[in-house]
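Read from first to last, the chains carry the letters A, B, C and D; within each, the first residue is number 1.
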Amino acid sequence: MNFASDNAGPMHPSVLDAIVKANTGYEMPYGNDTIMARVRDNIRATFEAPDATVYLVATGTAANALALATYTNPWDTIFAHRVAHVEEDECGAPEFYANGAKLTLVEGAGAKMDPDALRQVIIGTGQKDVHSVQRGPVTITQATEVGTLYSLEEIAKITTIAKEYGLKTHLDGARFANACAALGCTAAEMTWRAGIDMVSFGGTKNGCAGVEAVIFFDPEKAWEFELRRKRGAHLFSKHRYLSAQMEAYLSNDLWLELGAKANANCARLVKGLEAINGAEIPDAPAANMVFALLPRAAHRRAIQAGAKYYLFPADAPLDGPDDDLIRCRFVCDWSKPDTEIDQLLALLRG
Amino acid sequence: MNFASDNAGPMHPSVLDAIVKANTGYEMPYGNDTIMARVRDNIRATFEAPDATVYLVATGTAANALALATYTNPWDTIFAHRVAHVEEDECGAPEFYANGAKLTLVEGAGAKMDPDALRQVIIGTGQKDVHSVQRGPVTITQATEVGTLYSLEEIAKITTIAKEYGLKTHLDGARFANACAALGCTAAEMTWRAGIDMVSFGGTKNGCAGVEAVIFFDPEKAWEFELRRKRGAHLFSKHRYLSAQMEAYLSNDLWLELGAKANANCARLVKGLEAINGAEIPDAPAANMVFALLPRAAHRRAIQAGAKYYLFPADAPLDGPDDDLIRCRFVCDWSKPDTEIDQLLALLRG
Amino acid sequence: MNFASDNAGPMHPSVLDAIVKANTGYEMPYGNDTIMARVRDNIRATFEAPDATVYLVATGTAANALALATYTNPWDTIFAHRVAHVEEDECGAPEFYANGAKLTLVEGAGAKMDPDALRQVIIGTGQKDVHSVQRGPVTITQATEVGTLYSLEEIAKITTIAKEYGLKTHLDGARFANACAALGCTAAEMTWRAGIDMVSFGGTKNGCAGVEAVIFFDPEKAWEFELRRKRGAHLFSKHRYLSAQMEAYLSNDLWLELGAKANANCARLVKGLEAINGAEIPDAPAANMVFALLPRAAHRRAIQAGAKYYLFPADAPLDGPDDDLIRCRFVCDWSKPDTEIDQLLALLRG
Amino acid sequence: MNFASDNAGPMHPSVLDAIVKANTGYEMPYGNDTIMARVRDNIRATFEAPDATVYLVATGTAANALALATYTNPWDTIFAHRVAHVEEDECGAPEFYANGAKLTLVEGAGAKMDPDALRQVIIGTGQKDVHSVQRGPVTITQATEVGTLYSLEEIAKITTIAKEYGLKTHLDGARFANACAALGCTAAEMTWRAGIDMVSFGGTKNGCAGVEAVIFFDPEKAWEFELRRKRGAHLFSKHRYLSAQMEAYLSNDLWLELGAKANANCARLVKGLEAINGAEIPDAPAANMVFALLPRAAHRRAIQAGAKYYLFPADAPLDGPDDDLIRCRFVCDWSKPDTEIDQLLALLRG
């Protein structure tokens, strides 16, 4: 009963198979493998972006930090939501890769930037000439860190404001597939057609072992990105094993299928949580993650039976009044069996 | 006929098997997987170092840069051989990770630091009080970038000088197994018993897909390393796949067996090269790599038949007098079949 | 009628005299001048801190950034008020000098950290183990960026919280003298006796040409600071001219006298502003700076007569309804004549 | 008898006067002072470069590091002579300001880059695609760190090679005036007419208290430089005191007059040194500095009488055979009286 994260599950069998198949003979290293050539084509086709520049790295943090750094001067600030992964969960990797740039935090309900709030912080930045840090890119997370989604219109609102001020836009798509599946849109619609300039396209949380694509719709900084990736020690010599994962992930839209499956798993869980006496679900869970306020008694039963999930705050005690609400995060990946979901729900219901 | 690098070959079947076996159920992320606990024990046993701190990353550049940065202030300089990988092949990753530290180059034949030269540059550094950069760690590469080896005595000479000046010592062991197998020594003898403080223990070039261990014999900076690794985006969420590779690699000393096999392959190649009319082999090849000066005609035949290997300079032309000597690098990994070696030699012999 | 900033005025005659007197013969460079030895003693006496480490730099930004960086790891975050100079007016210098560290913003009325708000952000930082940036020093500005003051008790509350979590504390004293004069306390009382670990002691805004002292009450990181200062290019060869300014500034407590004079000038201005029909003064001006909301008509008259001061936002138009309130900042230094203050007030009154 | 450095002497009276005169009334801060407007014009006239961008900073290290960083990516390497000030005397400031860029050292007699050696290291850099650091700017020091000079032809040879590879060129002119005076050329001839793109034009060592101009002949990166200067904490609020120094320094070509005077002082010293029994002067001293190999007995007499100058190595002992040659550096600034020179020579002669 591990609902801690979508990074706790295994690779999808097709992804594993691809690694096994790739494990033969000699291949040119450092991204010059024959598989990567196909991956590049496939991503361009998937995103309907024939000129896009495509790179693979092994962690989501690397994808975000390298992509953002490529368009952030050291004296710039990146506009991100207060609870964005780049702000809260990367130990300052964006600041490190961008040589000391800042992050400016934007508020908004449901972990989504409020467009007016974004406009206000953009206006407020760079007012003081050389004394201020300057305006850098805007990054949004889709699906968000609390499992909500920007609609296509909401993305477009954000990017329109960014472009009004000449700013680049980045989409942290560690859970890109979940978002795309939930919105029922294409990869192109959720990105460049909505004004996004660069994407971290996640595989790791959705059936791969460790692979993320960085996609720039404008190739102008391709060479710079390659230097940054190498200098950051993220260029794999045996790159074929990244390529193989991504090829399998793209093949027959496996990414979308797995994203949809994870969402369905979560929907089953949400439905059950809503039925628990006293439980509250503040944000509208739209992808594969749900934050629920659960009565301590329910929570206690689940934990004591060995269920794993995150609490906020992390040290919320099991002891205390039964009816107190505890903030719990549950994440489902594509591999989560219905039986396990139902088992958790049974425990919570008591 | 790919002799370009030991990063061009596949995983050893046991390493692949370990990945396949690891691909089941849920595991705690970020190095808290159950496999990693065993890997830690196994590395400590292999190095006879029960207190060592052990971490895994996926690239050799990450291992080197993160290990060195942990013991290098931004105003320090790292002492490295002029042709060390950290100097020539990492696009400045050590400087990046050490926040702008320098490298001071040490001369020495066969890509090995001359102890007197090392002492001289150490003395010459930091003479000018606050105006000079300060003395940082000493790093050596074993096996070296030209396929030679430091003897245990030679390592001890280097580390003794370093310690005389209070400096830490690092061993870049991207080809650790080849060196250990060639010297017929233990991992402990080649490292802490010879005065080494930290090691990059390579798996990628010797049968793994992408895994390197960073080992500190003194655990005092363990927490700092963990923060640096995360901040550098090198902490894997699905860490089990790194752990699995390393577990298989350590099991029954597979690492040593594969290192010895690669060395034997290279010895076969060297023997054949020595027999080629006009060929010269300047350094004594002792591991799995050989630099040879080959008559252009021999080289031309091999290239035209599709052989792959590196030239120095990279753009040495095929056209020109037949007898001109061309500097060629050949690398054998464990997987190289005798037939392929013999085929290359036949071409070179003409 | 220049009320733009206390950096717009001249040196006090005593400070200029000291430069003139210093301009004879040869002096050892880089802080080894004979004047600096006296300055060191004098600052230690002034702060009743015989073991303090004392350094001079030429800009306030350098003092803040170098002091903070000395106690901030790259993966740490500095706790600062939302409108602190280090956040708003230094183009990311603290982040640059601290190799990519973050700033975490703390709220609080009158540009002063609310102690509870500080505690909350400290608790909220570093909850996520290696994924979070870690807790770094707490910095407060005294006098604040809006001309208010922390009482000694308020400083102690902040530093007590910081120490509860093991954090270092820094006081940005670009306007140290104004604060000390207004509070009627000693330099020791406002710093180490109230729990402050390091101070930027400003001279530039208060009668000097360009000199600030960095004072560490614990000398443990003295050598590191010296390396950081040199590496940051802030070590002056002809250091005697910094020393001379500071010596004159300390002599007979000139710093305190000038701070008191500047405060008195501002008090005269505030009294007049309060008498203006429709004007509002939101924060309690306690040092040498006042933010006032002035009817546009009053503001228009002053500007059109050539008065200089800052507006927030900077581009607030002169055109518009007469009664609209415009946010204006006025700063007085020690040199401001009463006549100029009265002239401005006369214009504003209309 | 202080011959330690040209940073040990006082300001020229005209420069001091300018500071005194500037010390009246209010001036716009941060480089917007009225004096700076005249300085800008005067430097453009002096360099016959009407489009040049001109900035002032207070230290030579700041001038060099900021200028170079503006044209150096973090993954680039700067080509500098092995004994250049940027390599040996700035504690890694160029690496810090350029966010971790490297320096690649070029050999050459008399502290001057050998053009062939430069070409070879340029060719040798960036051979390995993304694995290598990339080629950055070429910087030369004029006059050099051993008091020699590049002829105009020699400068042109260096810059021609740089431009052949598309590299920018920088001239570290901490002793610009001495070089210009010695060569009898114009500022334009020694810089842009010889292919130099950016200049650190030193005032500090030649009669000022602390001011250096950074001059870019192409203004394309002006705004970036301004941000870098502020972020580096090198933008002075009371900038008028930098401007005043520079204005006096430029007025009636005082800079050239003082450079010539310092050179003449040194020539007098050199002539005397050459006459000392057993003394050797390896490099041809052409500006205001001389390195001499002096018999220990001569050196001992001077030191024991209180003379100050630098030794290489710094700890060369006074005890030992009288005839051993000790490497001594003597520097004369414009203010050095003949009597002091003669007094030193008398001591050395014995």
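Going forward, a residue touches a chain if its C-beta (ideal position, glycine included) is under 8 Å from a C-beta of that chain, and two chains touch if they have at least 3 such contacts.
Because the structure is a prediction, the values reported are computed rather than measured.
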- [ ] Compute the centre of every chain as the mean of its C-alpha atoms, then state which one is farthest from the centre of chain D.
- [x] A
Task: Comparison of B-D and B-C (more C-beta pairs in contact) - done: B-D
Task: chain B and chain D, separation of their C-alpha mean positions in angstrom - done: 41
Open item on the list: Using mean CA coordinates as chain centres, what's the gap between chain A and chain B in Å?
Closed with: 34
- [ ] Can you check how far apart chain B and chain C are, centre to centre, with Cα atoms defining each centre and the answer in Å?
- [x] 51
- [ ] Spell out, as numbers or ranges, the residues of chain B touching 2 or more other chains.
- [x] 74-75, 90-92, 96, 99-100, 130-131, 227, 230-231, 235
Task: chain C - residues contacting chain D, complex - done: 2, 4-5, 7-11, 16, 19-20, 23-29, 57-62, 65-66, 90-93, 96-97, 204-205, 209-210, 227, 230-238, 241, 308
Task: chain A-touching residues of chain C, taken from the complex the two chains share - done: 74-75, 77, 88-92, 95-96, 98-103, 127-128, 130-133, 313-314
Task: chain A-facing residues of chain D, complex - done: 30, 73-75, 99-100, 130-131, 134, 224, 226-231, 235
